[in-house]
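Per-chain numbering from 1; labels A, B, C and D assigned in written order.
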Amino acid sequence: MWGNTIGKMFRFTSFGESHGKCIGGVIDGCPSGIEIDFDRIGYELSRRKPKGKFSTTRMEDDVVNIVSGVFEGKTLGTPIMFYVENKAQCSEDYDVLKDAFRPSHADYTYQAKYGIRDHRGGGRASARETVARVVAGCIAKQLLEKYGITITAYTSQIGSVCVDRKWEQLDLSTRDSNPFYCPDVDKAREMKILLETVADNGDTVGGIVTCVLKNCPVGLGEPIFDKLQADLAKAMLSISSVKGFDYGDGFGAASMLGSDSLDLFDSHFATRTNHSGGIQGGISNGEDIVFRVAFKPIASLVKPIAIVDKNGNEK
Amino acid sequence: MWGNTIGKMFRFTSFGESHGKCIGGVIDGCPSGIEIDFDRIGYELSRRKPKGKFSTTRMEDDVVNIVSGVFEGKTLGTPIMFYVENKAQCSEDYDVLKDAFRPSHADYTYQAKYGIRDHRGGGRASARETVARVVAGCIAKQLLEKYGITITAYTSQIGSVCVDRKWEQLDLSTRDSNPFYCPDVDKAREMKILLETVADNGDTVGGIVTCVLKNCPVGLGEPIFDKLQADLAKAMLSISSVKGFDYGDGFGAASMLGSDSLDLFDSHFATRTNHSGGIQGGISNGEDIVFRVAFKPIASLVKPIAIVDKNGNEK
Amino acid sequence: MWGNTIGKMFRFTSFGESHGKCIGGVIDGCPSGIEIDFDRIGYELSRRKPKGKFSTTRMEDDVVNIVSGVFEGKTLGTPIMFYVENKAQCSEDYDVLKDAFRPSHADYTYQAKYGIRDHRGGGRASARETVARVVAGCIAKQLLEKYGITITAYTSQIGSVCVDRKWEQLDLSTRDSNPFYCPDVDKAREMKILLETVADNGDTVGGIVTCVLKNCPVGLGEPIFDKLQADLAKAMLSISSVKGFDYGDGFGAASMLGSDSLDLFDSHFATRTNHSGGIQGGISNGEDIVFRVAFKPIASLVKPIAIVDKNGNEK
Amino acid sequence: MWGNTIGKMFRFTSFGESHGKCIGGVIDGCPSGIEIDFDRIGYELSRRKPKGKFSTTRMEDDVVNIVSGVFEGKTLGTPIMFYVENKAQCSEDYDVLKDAFRPSHADYTYQAKYGIRDHRGGGRASARETVARVVAGCIAKQLLEKYGITITAYTSQIGSVCVDRKWEQLDLSTRDSNPFYCPDVDKAREMKILLETVADNGDTVGGIVTCVLKNCPVGLGEPIFDKLQADLAKAMLSISSVKGFDYGDGFGAASMLGSDSLDLFDSHFATRTNHSGGIQGGISNGEDIVFRVAFKPIASLVKPIAIVDKNGNEK
């Protein structure tokens, strides 16, 4: 069965292995007449790029090529195909992986499911696959901004360093002032210290991203199975290394009383609090939509790890 | 757009309002020749049923009627339509809700989205909608059990009472020994005390359900968007009152080191630990699949709550 | 795989075997606030009903029950479930068919595909399945008429009796003046004579239905695979006994010259001719949409036919 | 809404405008481990290529590039992206079309639907779009041939020249002996004479293609909406210039008697005749599957045609 397409109205199909020629995608259903800001896509790709010693060592400048669906700078309403070349394809580095299964990677499950795999890096399971999501997402954002809708994600936790203040109390525009995309500068400083220590040990660490959507109109989301939170959860859990999703009060709601979590209306049907996270009954209610996404530490450590070969022997 | 269908191979469409004639569904894609155990469906429906003062006061015996797709006790491979009647339809009780929006309910968002709603209770937004999920789920479970796959969910937290032991350390078969479906009898006792206090105050409280899937074959899940965890997250978040989903180490992974969360292989490609929660790269790896689902306290309190009418005035 | 759902925005799932309890369906995606004319559905069901000796002998009054999705006479935007009871379920009549395969029926292919079948009549393969299409179609028509769109189908050929005049030259409102739904009364008389002879011989005969859609707005149809004519063709070929579909010049276009088949524009972008059948490039152009559907003679003859049993022996 | 994807298990998404950089597609759901014969794809692309004066004058060698999903010559089970460059992009030739609507083309409907179009040729509405279908189709054929299934299409009519013999009486292997792909050499000679006359007049003419599938297993097709013939009809009607589809007796069945069109079984459940065209009840029955596709004459004449501009004035 197929699984490389997401979305109903704005429908995105992804392709490309991490060490093949390119990563890309096709968007079907993007309205016509939208002017595409290519620099903006380039900027978002540079934000995606691993940041030196704070993450993986792979460094490449990603440039998007839009091949179809855009004519004289505007979308045609026809499928938009784009790709980004993979420059760092030093395949020889990866020969050691040919018959090896790294722990907590997808090497073994891909081999078992498909009977074959592109062993040069993670193939489709590599986080490099997100390149295509960034491009498609940036086009989607340009479309949504025509309706005033904005999407802002920031790092709210790395390891034990946790931003305590809620999103309403933060100045999200300061997010890009540090390589951790954290709008709390004190916490960003602590994150840096933590990450330096972790990196010095050849280790990695997990974290949490918080995402805020502003100005969503009332009425988005299709009960009962395509509730807005259900589609958001699916999209987030489809990202490599993501282990959890919650919205509004989230997991915290489990220990709350009903009387402490009601969002009372004011006389204009706005709510005075936002325990609901902007969604009631699966439908946006006009308040900010807020959700969190938990990432595990990436499993590609610099320190040696125990790899088994295809016969189950440790290498 | 439509949103009342879920699933690809085993495809389930739900229908029915909480205070209409019935709740039901159509299953398309169920293999032919499966013997259906109707008593089993009845048993699962009775487990779903609200339990006296520990939850809502609505009490009814739910009986499933299978109308098509089953012939002489076996599935035909054609669509299975089933329904469960709504007996407690005292609509007059609900007239007060006609022009009212209850806080943290879906009254307002449904009205805004559709311009009309069945005000007698929550309509499609009512938790009674899960009746159809229980029936379809029970048929799915009977199908999966032919392959040895079992699915067991239990209550792991209510309010501040939290089962500390992991699922491997619990005897899940004791789950049904108490009305809270908690396999830790000491914790079940604490839950009872907590819920009695909460109920006495006319209040409600949240909780967490943990679910364990055993004997899943290696290879389930379709990267990259239909990863197994992504489909599970979507299904769980589509349930009323659910605020969060995580699997394996889940949100806990955010504060872990990579070196502490690797699942090393043994020589048969089983893993010695299960931080991954049975899924790697979006594909089941043969280990137990474990996920958690967080519920907010239900918003229908016995104590008075502030309702606004369609003009925004408090009633 | 599932195949009992059709449609994208207005999504219809059908269920029910011909000799089970009922035939019905679920419509998901019908807009809210539409007033449903139930009498109209009853009228269309009576038009569907076999007409005495001119077709099969099964006679029953079909009454629709709408179970969900409609509240106080108006659609809620939630799934509309409806069913029509099967009254003529004299199953004993069909015991002879238990281990028999009738020629040019679906008995053999269903048995081979599913390994089991409801042998009491054709099950899902029976033309009685169209009861659900008539109901869903009538609701769709009521919706379309709000936009001025009308759909009129008539019999343009039975056996060798063929209506020569094109649809523009016929008064389609006279269609229901005869049991053959033929707007050419002279031809209807010939059809009657032909059908009486055929029926006297215990035989059946094929025919063609022509369908005209008026007032479709410009712009319907989604290139390149969901072209308007492609979706129409799929819908028509999914009806039992249908063997062909064409639109505009249709099969006649195969022997035409390009210069004789151009639809020249007038100065308001209307076309002076309609060889295109109202669709250009897969998208409606505002002209009448015209297509034909060819039916084979039904294979259930009154005269004896050679049936084989499950061992391949003639009965 | 999107419409550029077709298929359920083997899912194909097409992209590219006729005068953009390239035409291509993404296949999702192709099984892993299939060896792809690239020469075969090249051969099929050369068969698709317009043939000199007998069709349009555009000549180009089409070469396929497979970018992802294939590793060391074999499919990975991941999305296969491929493209074919458009070499003949002399856009200046097309400037005359910028504000013009050609009759019986899609210029007007695309402009009306999308509010913008790539006026350099037909964009997505150009027959050049079929390049992507040929590549995807050739990969599908290589997959099907592993199961012994073959697909052979031939020209059975051009204008008034019609192959009278049925497919069983023809030697289909001679099909490629003439540029008309007609296995009846006498008729091919007549077609040549006809086409030369038509071309000399700057005109075009329609035709019919007959397609035969051999060795399909019993059981393909998903009642009731995804009947095998319904999916075939949709696929065929999605091709530019196609005006009709029928299978088995097709439109001829309309004038036949039931007693003349029964396919009696032999003792092995094969049928002695094949009026059904290999499909009964929407499910393949193991006989040859035979269908016809009617094409209108292409509307791009060499002789002058009346074009209107965007103001409705004849140019």
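A few notes on this one:
One rule holds for everything that comes next: contacts are C-beta pairs under 8 Å (C-beta built on N, C-alpha and C of every residue); 3 or more make two chains touch, one makes a residue touch a chain.
Everything quoted here is computed from the prediction, not taken from an experiment.
Steps from chain A to chain D, taking the shortest chain of touch contacts, total 1. Chains that touch both chain A and chain B: there are none. Mean C-alpha position of chain B lies 47 Å from that of chain D. Inter-chain centre distance (chain B to chain C, centres taken as mean C-alpha positions): 40 Å. Each chain gets one centre point, the mean of its Cα atoms, and the points for chain C and chain D are 26 Å apart. The residues of chain D that reach two or more other chains are 1-5, 9, 14, 78, 113, 124, 223, listed in rising order. If you draw each protein chain as a dot and join the dots that touch, you get one closed loop, with every dot joined to exactly two others. Chains touching one another, given as pairs, are A-B, A-D, B-C, C-D.
Contact residues on chain A toward chain B in their complex (touch as defined above): 1-6, 8-9, 14, 101, 103-106, 108-110, 112-113, 122, 124-125, 129, 157, 159-160, 198, 201, 203-208, 218-219, 221-227, 229-238, 240, 242-251, 253-259, 261-269, 271, 275-277, 280-285, 294-299, 301, 303, 305-306, 308, 312-313.
Chain contact summary for the complex, chain A toward chain D: residues 1-5, 9, 11, 13-17, 20-22, 24, 26, 28-29, 32-33, 67-69, 71, 74-81, 83, 113-118, 123-124.
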